[in-house]
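Below are structures written as structure tokens.
Two complexes follow with chain A in common, the first pairing it with chain B and the second with chain C.
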Partner chain A sequence: MRRRSSLPVTFLVPTLAILLVLSMVPTLYAIVIALQNRELSSSDYSWVWLSNFIDLFLDRRFLNAVWVSVKWEIVTVVATMVVAIGLGVLMFEVASPRLRNIYCLLFIIPVLLPRVSAAFVWKFAYHPLYGIATYPYRLITGGLIFDPLSKPSTALFAVASVDVWQWGLFFAVIVLKLLETLPPQPIEAARLDHARRWQIHAYVTLPMLKAPLISLMFVKMIESLRSFDLIYVMTRGGPGVATETLDMYAFSQGFIESGKVSYASAMAVLMMIATVITFTMLWKRVQA
Partner chain B sequence: MSAIVCSHVDKSYGATTVIHDLNLSIEEHEFVVFLGPSGCGKSTLLRMLAGLEDISGGEVSIGGRVVNDLEPGDRGIAMVFQNYALYPHMTIFDNIAFGLKRQKVPAAEIQKRVEAVARTLGLEPYLARKPTELSGGQQQRVAIARAMIKTPKVFLFDEPLSNLDAKLRNHMRVEIARLHQSLKTTTVYVTHDQLEAMTLANRIVLLKDGVIEQIGSPAEIYRQPGNLFVAGFIGTPNMNFIDVAVGRKDDRWALTGAGTTFSFEGSGFDLRGVDRAVLGVRPPDLKTADAGDSTNLLQGTADLIEFHGNDALVTFACGGKEVSALVPARECPALRAPVRYTFEEESIHLFDATSGVSLRRQEKLS
Partner chain C sequence: MRPYRIRLGRLVGKTILALAGFVAVFPLAWTALNSLKNNVDIITRVPRLVFTPTFDNIAYILGRDSVMTGLYNSVVACGCAVLIGVVLGLPAAYAVARYPNRFAGDIQFFVLSLRFLPPVAVAIPLMVIWLQIGLYDTLPALIVTYSLLTISVIMWLAIPAFQSVPKEIEEAAFVDGYGAYSVFWRIALPVAARSLIGAVAFSFVLVWNEFLIALMLSSSNAKTLPIVASELSQQGMNVPWGILNASVVLLSLPPLLFLGVLSGFLNSVFRPKKT
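== the complex of A and B ==
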């Protein structure tokens, strides 16, 4: 008995220890650095405590990055869920089982692409002269140039669409599979109750799937926070600072423009605190 | 006017035909039960009436209107499902009111009608609860309320009591019967339970492999089964069947089988030209034979005795054939004791051995 009960401990303790070291050490180190004034160019440093944080709140570029991050989060999460639910329901309603399988296979491919590859593919697709995504515009307007990635008003949406292309289609497959797991009788009862097709989904199936759909949304919210690679490849935060999210700005402050590692760390710490608070609050709300 | 008419209705899934050329007409205010073993197509037929399954061929009309291409909601029907099919995320009130809301009935009227229906079915205390907080019987009552509130022309019940335990099933059966008595709505009820069929139905439609085997009142179906399948399916305990050879002796029919010869006047049956038949006797029709009885005897050694309360079911082998007799418990023999049973000519059933069709002479229509 004793040997059997010690087995989980044997497996869990090293793993948890490694995980703890890997996650806690960098976090604590980041907090420590954020309270100093380290720069990449020299090894001298002193403790400046909260001055990095105070500087951040006076930094207009930082405030812009916060706004861009919030916008990015909202746009990608909402668009992904809308696309996923819309396409999922559409497939459920009109596609035959065989066709559904083919669509599912097709819709999973984008998310299997590494982000960087997807970003490059779409960067070419958005090319103003040769891109396939801008081709219809050139065709209609008779050759006018449209460069979505270099216009501040469209750049964020152009990058976000790639994110939605990857995750919205994948989530559509999940929504379809969720719909397929539902018992058919409530849907049939709703048909007898004079509900139209869209009403059946609005009032019966989607509310029945509330819990898994919210979980999906949380997954996407967390995933949207890691948008660095996509934005880095497609716009590098540009044009100007139009797509500069917090992680982009932290990266450029820390490693590209000025090497202010402490300043960047302060941003990372703020982001972590904000994320933890936001998600805790949202989670509590959903659970209630 | 008939409430429901099915004419030449077919249903097939690909190459498999589930229902073939079915003709049926159901009168207004009637309580019709579709009865049959699993897979006989009774639920499919009901779902075709409801519009949840396409009709492959033929025509279905409800209330004089062909409904083949109508949406389920537009057919003037309401359905109660086996597993209740309540909307799990809505309160009982919203469950009942859902259909009315979709029809844009004013909120005040919805409130009034839901309350009225809830009062009829004793659901008032539960209106604010969710379906999962209710017992199976209460949930089924909600499903009935949801069907009732639409004041449909036809009620469809798809094995509504199968998910309930025996006691609750009896209770709900009585409630459904009462409900039909007071509402008088035409009802089609699907079940595989013959007790439900016998107690509830005005008419039973007995189905097998998508074909109607017999239509009739419960008494007709029990007393005059049209063929071997109906005779074997209806009645618990099951009817005894004995293969017999048909002959004439002393101006009477002599049926030889199970190691003995039965002698009948046979006026109720048309046995001319038949040489092999199946003799059917229901276990309750077997009576303990007196010492003086010498004809129509079934005898053997009791090898199984099942106690049913008032009665006991005695099973014995008679000429290699297993035969059961339902006798009053006080007449019950001991296990392994020799038993002798006899029966009246009026209680027998005779079927053609090859076609299985009853050889009963068709009574003249008055």
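== the complex of A and C ==
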């Protein structure tokens, strides 16, 4: 019944044109800047082609930032999925419908907070002397000091815990909703076969949800790239360079320490290439 | 022994859940509580639950020019960007959902791929560009940059929302002589409204919470609220904690207003299949 109409053209073309311009101009310009030697302090520049990239691979702090970023990505994605599936299954098993609704509301709250707010909330909580999260430790040990944000071995995990607090709880709600959409017959069949509760989930429900769970993980991998706000507020990349991820290092090279905009841009370009290639490949696999 | 073990298991499960619920809200509630405290009540080795509340911190925050400017900038920048996202994103999403062509898959992937772009990679070149055309540190620059976010997110979430509108309703409207545009206005938009509002609210929360781009694209005039809040803490630990806590609360309130809308949105996305 649908006649030929001008609607798809008038609705799509302007929007796509604007999106293309808004995304391609900065992307291409980032590459241009990366091939020059611009600095914030002066307006002169010349073309230096690939020398920024060569410098990067000789820069140990850059290699450290790559490693920290990879660690951050793995820790937050894995922990988020574990918390989400664990709490989601628990809600499905032991909570009444009314309790489920209450938990769902509570679990969405952290993810709605601005990352800056979440970071501050936990920065206060992790304060060694007056923090509410370190209070139990002080209480048990009789006043010993535990400062998770200023120890190189724990700082990354302390910041990651805030990310998992936001996303893990939120994804638990989604896992619960996914479990609720499953048809009840296979679960009942497994129950008749005397399967334990955890066996039902490990062998029946979670495999049935494989596709949406992988999509969720994919979303989390993308969102984990946005670690900057948390790290900027909580540790500024410190102690030392223990929590300095790529975007934090790019920011401090470009704006705080030396104003080397081109150097920072070269880093951003490498990040962009890595993420676009990885996620495009992952996406094609998820879709297939 | 089995029933006993099951009951114990359920008890443990319920305890873990209750603990998780507690962890979800308590830190934020504690921050809100601290915003009502005098400094002496915050800086204590043993957390204090009983204290004489004070509204000084909140009054101080609301009386600061920088905070008010930040609030104004945030509201204007996010409001305009979301409006642009609605005007450009919703029709485009409808066209992708209802007029399938061979590019539909590519368009969807393109819109999603905008989310892969590292914010630094967008912010650095844009900063240089805005500096060159003299728009650095202005609201229009921020609005244009945020529009990229809002348009793509609204499109991404609105495509499935439009697809879930029963085709029969739209077909019936065509039979009744409606044109393609009036079907969009009078049928698709109202029927999908609930999910669409969720998508729009989500895009608002996203740009309201945005930090890195705002940090790089503003130096004094166009600072948004998250930037102002983060700067309060840079004055060292001499800043009364109560004031910091109050600014965190102010920053967190607008997104929390959408809690109801967004949880309704989740419910409508994951509706149990009828069997």
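Throughout what follows, the second predicted complex is superposed on the first by the 277 of 288 C-alpha atoms of A that agree within 3 Å, B and C clash if a C-alpha of one lies under 4 Å from a C-alpha of the other, contacts with A are read in each partner's own complex, and residues count from 1 in each chain.
Everything below uses one rule, namely that a contact is a pair of C-beta atoms (placed from the backbone, for glycine too) under 8 Å apart; a residue touches a chain by one contact, two chains touch by 3 or more.
Nothing here was measured: the structure is a model prediction, and the numbers come from that model.
Of the two partners, chain B and chain C, it is C that touches more residues of chain A. After overlaying the two complexes on the shared chain, residue contacts for A:P186 are found with chain B alone; chain C is out of touch. In the superposed pair of complexes, A:S46 makes contact with neither chain B nor chain C.
By the touch criterion defined above, A:S96 lies against neither chain B nor chain C after alignment on the C-alpha atoms of chain A.
In the overlay built on the shared chain, the residue A:S153 is in contact with neither chain B nor chain C.
When both complexes are overlaid on chain A, the residue A:A268 reaches chain C alone and has no touch with chain B.
With the contact threshold set out at the top, residues 183 of chain A are in contact with chain B in one structure and with chain C in the other. Residues 6, 9-10, 13-14, 16-17, 20-21, 23-28, 30-31, 34, 42-47, 88-89, 91-92, 94-96, 99, 101, 107, 109-122, 124-129, 144-145, 147-148, 151-152, 155, 171, 174-175, 179-181, 184, 205, 208-209, 211-212, 215-216, 226, 229-230, 233, 241, 244-245, 248, 251-252, 255-256, 258-259, 262-263, 266-267, 269-273, 275 of chain C are the ones touching chain A in the complex.
Per the touch definition, chain B reaches chain A in the complex via residues 50-52, 71-74, 77-79, 81, 83-90, 98-99, 102-103, 146, 150.
Residues 1-3, 5-8, 10-12, 14-16, 18-19, 22-23, 25-27, 29-30, 32-33, 38, 87, 90-91, 93-95, 99, 102-110, 112-117, 120-122, 124-125, 129-130, 132-133, 135, 138, 143, 165, 169, 172-174, 177-178, 180-181, 183, 197, 222, 225-226, 228-229, 232-233, 246-247, 250-251, 254-255, 261, 264-265, 267-269, 271-272, 275-276, 279-280, 283 of chain A are the ones that touch chain C when the two sit in their complex.
Against chain B, the residues of chain A that register as touching in their complex are 183, 185-186, 188-196, 199, 203-204, 207-208, 210.
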